[in-house]
Amino acid sequence: MLEVLELFDRPAVLHSIYLIGSLILFFIGLYGLLAKRHLLKIFVSIEIMELAVYLILIAIATTPGETAPILSDGFTAFTSMSDPIPQALTLTAIVIGVAVTALGTSMAIQYHRLTGKVSVGEMTELKD
Amino acid sequence: MYHHEHCEGFQCEQQQLEASLAQSGSELGALDRLMAWFRQRSLFVLAYGTGCGAIEMRPLMTSRFDAERFGIIGAATPRQADVLVISGYLAIKTLKRVIRSYEQMQAPKYVIGLGSCTINGGMYWDSYNTIKQLDHYIPVDMYVNGCMPRPEALIEGFVALQQRIAAGTPSGFERYRANIDWYKANQRRVLGDNMPPDYTYDWYHAGGVA
Amino acid sequence: MTLHFTPVWFIAVPLLLAFLAPLWVRWRLLMPVLFSAQVALFVLALSWLPTVRIAPILETIVIAPPLGIHLHLDAIALLLVALFSFAGAIVSAFIWLDNGAAHLRERPAFILMLLLIAGSNGMVLTGDIFNLYVFIEIVGVSAYALAAIRRDKTALEAGLKYVIVGSVAAIFILFAIVLLYLQTGQLNIAALAQAFGNMPAQMQLLIGLLMLIGLSIKAELFPFNFWVPDIYRGSDPEITALYSGVLVKAFLFVLFHLTFILLADPTVARNWLMALGAITMIVAELVALRQNDLRRMLAYSSLGQVGLITLALAFASEATTAGALFHMVNHTLIKVLLFLLAALMLRQYASLKLTDVHGLSRTMPLAAGLFVLGALAVLGLPPFSGFISKLWILKGFADVQTFWPVALILTAALIEAGYYFRWIRVFYAPTDALPMAKIEGEKTLNYAPLLVIAGLLIVLGVAPFLLEDWLQQAAQALLGREALLNAVLGVQP
Amino acid sequence: MAHYIIDALAMLGMSYVMGFLFYGFYRQFNARVQRRWGPSVFQNFFDNMKFLFKTETIIHGPMFFFGPMIIFAGAVTTVLFVPYLKDSNWLQGFSHSGNLILIIYLLVVGPLGNALAVGSSGNPFGVMGVTRGLTRLMGLEVPFLLGLALVMVQHETASVHAIMAAQTDFAHWNLMTNPIAFIVMILPFMASQHASPFDVVGAPVEVYAGPRVEFSGRLLGVLMTQNMMMTVAKLVLIADLFLGGATTIWALIAKTFALFLLTAAVSTSFPRLRTEQTVDFFWKIPLGLGVIGVIATVWFPWS
Amino acid sequence: MNLITKLLFLGLSFTPAATFFTWDGAVAWSLFNGITLSFDLTPLSAFFMLLLAIGAPLIAVPMLREKSDESAYALYALLLLGMQLLLLAGDFIGFFIGWEMMTWSSYLLLLRSPRTDLEGAQSYILFNLASAFLLLAGMLFLYSITDDFRIQAVDGLLTADKLVLFVLFSLAFLIKVGALPLHLWVPRSYDQAPDLFSAFLSALMSKMGIYGLMILPLLFPDGFSEISGRFLNGPVAGYVLAWIGVITATIATFKAISQEDMKRLLAYSSIAQVGYIVTALGVGSSLAIGGALFQALVHTLVKLLLFITIAGIILQTGHRRFTDLGQLISRMPISFFGVLIGIIGLAGMPPLPGFAAKYLMYVGLIEAHWLLLLAAMILASTASFVYCYKLIYGPFLGHANSPEAKTATEAPWQYLIPQIILMGMLVALGIFPGWAIDVLIDPVLIGLNMTPIGAPTWAQLSTNYGGYDGVVLMSVFATVFVLITALFLLIRGNMHRAASPYDLSFCGEVPTADTPLHYGAGMGRELRRVPLIGWILRHTTTGFYAGLTRQTQAAAGVIGTLYGSNPQTWLLLAVLIFAVTLTIQSVTGA
């Protein structure tokens, strides 16, 4: 039993699990993006895909046992600390993603107010 | 030669018309005689069949009678023709075309009346739509009588016409020009408003030269 | 205190000005600021030209590459930055002078436009791949918002579509960046380039494809450019001018910059990219034949030109690259001109459908004339600069006896002529209708920015040697992988 | 100068006399074939004089008058540019200033001038006739010129004098050395003489006498005169080109008469063709022969 | 203001003349990347520059009559500039620049006519651009072989390369001259263009195609001579070109006969006339090239004259169809003489110079022993009599067929001055063909390294096949004409003028104003009964090009369906392509 748990501690296994999970998440998002008609659902799907990508980054860049990359409490060297860059990147990306999603949803709401439509398929105003 | 010295009945009318023209056959100069000779030697006949006599005109040109040896040959357009043969009866409708064609022919030009119908109406003497006496409407130089005359008679008529031309006898066209008003009045009597336009002869009034 | 000029200014100045927007609103200086900022950047760029010609400028922020973030100002970056500021200046001058589109003269538009320019400049300048992603997103967000800035049905529809497609493209790019980082632990492009060759081939392929598709969507390459006509049709023509003139060029640069840097041997991707470019060109030109709306037509024409540029850049010979860069410049100028003309025409006509603009030359003779000029230039007819750039590209192909692109380019130009001249003929069609009354505010001053572009097109067409050296250096900079790697990685803080 | 004037007058006089005699002969010949007596040999002269002495002539505007003048001038020019005699100072006209191609084109100048007059008359039948004439011309000119071109290629010159001079004796007549050219050329040549069976254009009973429908009196006389002269000029030209030219007037008359006899024989034997049949005929038979001639003499020069 | 603009425009139209007379020394302009444009006046280009110098002001004069139109003037100036650049260019780039400027500025001028329809405009620009792009392709091909854009670079290429270049260039220039079957744009544009601009198109712009074609003899691939030597006295490529020219001439002539519109007729006649030139160029001997140049000169003058005169008629009557005109001879006598001289030149009748040109070309063909070509050329040139006759009969003779034709007056003086000048030039050239040979054509031939034709005197045209004397010919003809007219008038007799136009022998009937007496449009209709002509007239290339357009449009439509409006579809497609490419590449192993 323990061996099984230890198995999970091994980075390769752990990374695989994270990777598979993220990819499943990614494909869920992709499915939603391609199959759902509702505008908000589409934005949700996009957000899910984005999150999946972040997850991959965070998960793969971190190995079990590493500590948070904070220099305090007597830690003076970057030993056995996780790589700080992915986390910084992810934070930035999340901010951007939020901005995009916010913009998109606000547009969608306004569009709904103006036209009463919520479906992507009904957006045919621009077609000649 | 069936030429009468004396006039009878309606023929006198024509002689009175001719009387006004100078009898100048013997006074022809050398050049005039030459010209007259060329003229009589070459007669182009307008191919215009007005009545049943037209059927007699055809053999005239063929091998049997061969009018070409007299210089007589058909012409398609009045501009080129010298002789207009009125071949038999002349309906009033046709008269208009005949007058038009005659006036479009270039002088010197001659008219031969063929058959009795042109002389006195012949068998159509009481028809409502033929003319009875051709020379009331256009001047006739030579009548060939008969109903219908045979080609031989026709040839004889032509030959007689040639002799008249060679002799310099005044021709119908001079008579027509001199008495145009009389002819026009006669024509108008039968044609009424259906007269051909007058630009073809208007210039006769200005002394014959346009 | 002396002002220290650095490339950061190209990014920082617009951003700063954008954040100070309330101030400009209060002082009623929005438009002058917008315009003068762009002009200032343009002048700045030009003033740098002699320096950059000697050696590229590397501006490191805090620490040196590969660890630090750095901006890289070489000839091509300078060319594009100058081009973007120039296009921005023209568009803002147009908006300023033209009192038609009120919503473009307000604060949101002001901020977004500055952001767009700042982001585009950043994309061109940055030497860090995540930084690149950030700039892509900045540009993206501002572009999405600008697309919808009119806030009516069509604009919102365009904005929404743009958001959806754009964010998916961004995810592709992000995915590729994440994979790159995970594989190499590097974010600096130069460092990545060194490490890229050591990655497993499968991974290279995956990353390459993700990057290619993400950037292709953004850079409007077939078959990822289906969104373009709708967006161009829905948003304001002034904004569209920026998309076609600035945005696409920035993305094209990024695509080829990454290709040439990351791949030690660019010929690997050559056939792919050339095929992509050729198909884009032919398909777009063909489809444009049947477009009955001016803006959609211009959109397709834009796609066709992008295809041409891609085709030429992908060939990666110096002559074609220089020609393609020149064509980029020309295309920006021309498309800005044409879209701004479309904006002017929209003031006068309810719609820009083929059937509605019959006899336009009667009411707007100058606009029609400028349209003709733009069309001739985009078709590559002398004596306009479009001819020179096309000739340059064709000559580049002929230099190495490659004739199929020549044939394709000429065929595409012929098809392009088919529709452009159809529009011209419609503009000049005789109409029985009386000339429409001139609308208020239609004044010759509106045309001033457009006339500047027209003059530039002629000048560059007659005297292309003015730009020759710059373009060739830019081409060398774009293709010179080794030089760049050495320059970046050899630098010390 | 005086030499030229006398020479020119002699050429014109000879052409005219030969012309009406030939045509008179033709009418006689035709009559005899038809078992008629026929008119006098001088009949054409009489006809012509009659027209010239007509006292009335109608014209339809100035161009109508100038047309016959142009055609006459064209005919005279043609006559004067054809050398009548070989190795002689006389009957040369201005032929040293011209050449074969020029003569061929001069043959057409007159008819085109006349066509203007016909058009000017305003008679649609006349114009119809002109169109037919031009169509026939289009048909006949191709094999005609091709035949002559074969001769020009054979002698490598376009000068009639040089071609004449090259035919020293009977064996060197082009008729003998280049018979195919003669065969190619002769039927179109007949058509260019308005001879039956290609005379649909101006025949008296076809659309009202064709182009001449409005011409009368003296203008018609002029047209007849030039026609006779032109006919002789063409005959002389062909005699020059194929029959070795003539050193004496008698030889000239004999050769041209022989050619004319050939034309007359064909004319009396065949029924008239419609215009398009004419054209089609020329483009099939003589032109086909011409192509064979080209292949035989130019592509595969046996000799 | 108006007057100043007009004067300025008139001055501009003299720029080719100024260039022609004052040009000295070469000019170079560096473009980029080692591409340098060089401009100079060679004997050949000087010849064509002369045509331009004659034509441009003569067309400008009647243009002054219209309301002053600055943009038209500007375009016209650009057009002249382009043509001068083209002629001066010493390399293909400059040539191409001039060529294209000419193309688009003429297109814009074409658009100024209210009659231009979409098909006409599109076919004009697309054909001309196709021509230009073929030229560009040829240039680039040449450059790829020789690293040189100079025109002289074509010397000494391999046979295969020459063949490729020959095909590209000849296609380019044949489109410009409107050779069959690439002529679709010609009748449309000549017909629809502003009336005076048609003169420019036909007289001057088609000559630029000829100028281009002049380089083709340099390019005749010589690899087939062992096959062809036995049958042809010349290169096969030349033979093919000559046949193209002569077929063009023949078919265009028949088409011209069947036209019912004056300008369309002239358009087809232009195609035909230029076809002769192409044939002569195919022969390529010095006689034939001389003939081609002579024909170019004559055709320029003739077409200027005819188009300007026709423009005058259209201006005065508003009609352009043969059925609507007639009997203008008494109302527009000078125009009548314009057309008369024009058609005599066009038909190649002696004594006008059209004959000299034809003579040289015929002799060139005979000298080359290309007799079948000669026969076809004769066919075309005799058939051209019919349309020439139609051209003068329709408007001027016969009966007036519309109220406007009954009341028209002579064209304004602006139209008459060029007509009179051109008539004078044509007559003078006809009298002095040797002068044209000596002064205009021989320098060009020498410049092309060919034997000059030479002329003993200015009056004489002389070849080694014999020649003729223009002065003798003209004086004989004129003397006879004057003498016979005088003689006839002296013994005038009773010659009288018909008192009415309806005094016609009309089978005894009396025609009236309602009788269809004008034969204008019907002329040539019966030609359809001749099998060959009927076949030609029944077939057109319009269908082919219309089909091509339709197919392209259909393809565009099919591909256009890809550009839907649903973002999900777009993304689905992108993802699918990603997946498929990834799979394929992974499986095959990149």
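Letters are used for the chains, namely A, B, C, D and E, taken in the order the chains are written, and counting of residues starts over at 1 for each.
Convention: a contact is a pair of C-beta atoms (placed from the backbone, for glycine too) under 8 Å apart; a residue touches a chain by one contact, two chains touch by 3 or more.
Since the model is a prediction, treat every value here as computed from it, not as a measurement.
The chains touching chain A as well as chain B are E. Between chain B and chain C, the least number of touch steps comes to 2.
Centrality by C-alpha centroid: the chain sitting nearest the overall protein C-alpha mean is E. The chain pair with more C-beta contacts between its two chains, of D-E and A-E, is D-E. Among the other chains, B has the CA centre that is most remote from the centre of chain A.
For the pair chain A and chain D, the distance between mean C-alpha positions equals 102 Å. Centroid to centroid, with C-alpha atoms defining each point, chain C and chain E lie 44 Å apart. Once the centre of each chain is set as its mean CA position, chain B and chain D turn out to be 37 Å apart. Per-chain Cα centroids separate chain A from chain C by 30 Å. Residues of chain A in contact with at least two other chains: 33, 42, 120, 123, 126-127.
Each of residues 494, 496-498, 503, 505, 507, 564-565, 567, 571 in chain E touches at least two other chains.
For chain D, residues touching at least two other chains, in rising order: 54-58, 208, 213-214, 217.
Pairwise chain contacts present here: A-C, A-E, B-D, B-E, C-E, D-E [touch as defined].
If you check the complex, the residues on chain D that touch chain B are 27, 31, 34-40, 43, 46-47, 49-50, 53-58, 204-205, 208-209, 212-217, 220. Residues 54-61, 63, 65-66, 69-70, 72-74, 76-77, 80-81, 94, 97-102, 105-106, 108-109, 112, 115-116, 119-125, 127-128, 130-132, 134-135, 137-139, 141-143, 145-146, 149-150, 152-153, 156-159, 162, 208, 213-214, 217-218, 222, 275-276, 279-280, 283, 287, 290-291, 294, 298-299 of chain D are the ones that touch chain E when the two sit in their complex. Every residue of chain C that touches chain E in the complex is listed here, in rising order: 161, 164-165, 168, 201-202, 204-206, 209-210, 213, 217, 223-224, 226-227, 229-230, 283, 286-290, 319, 322, 365, 369, 372, 376, 379, 381-383, 387-388, 391-392, 394-395, 397-401, 403, 406-407, 410-411, 413-415, 417-418, 421-422, 424-425, 428, 430, 464-465, 468, 472. Of all residues in chain A, those touching chain E in their complex are 30, 33-34, 37, 42, 120-121, 123-124, 126-127. Residue ranges of chain A in contact with chain C, taken from their complex: 33, 39, 42-43, 46, 49-50, 53, 56-57, 60-61, 83, 85-86, 89, 92-93, 96-97, 99-101, 103-104, 107-108, 110-111, 114-115, 120, 123, 125-128.
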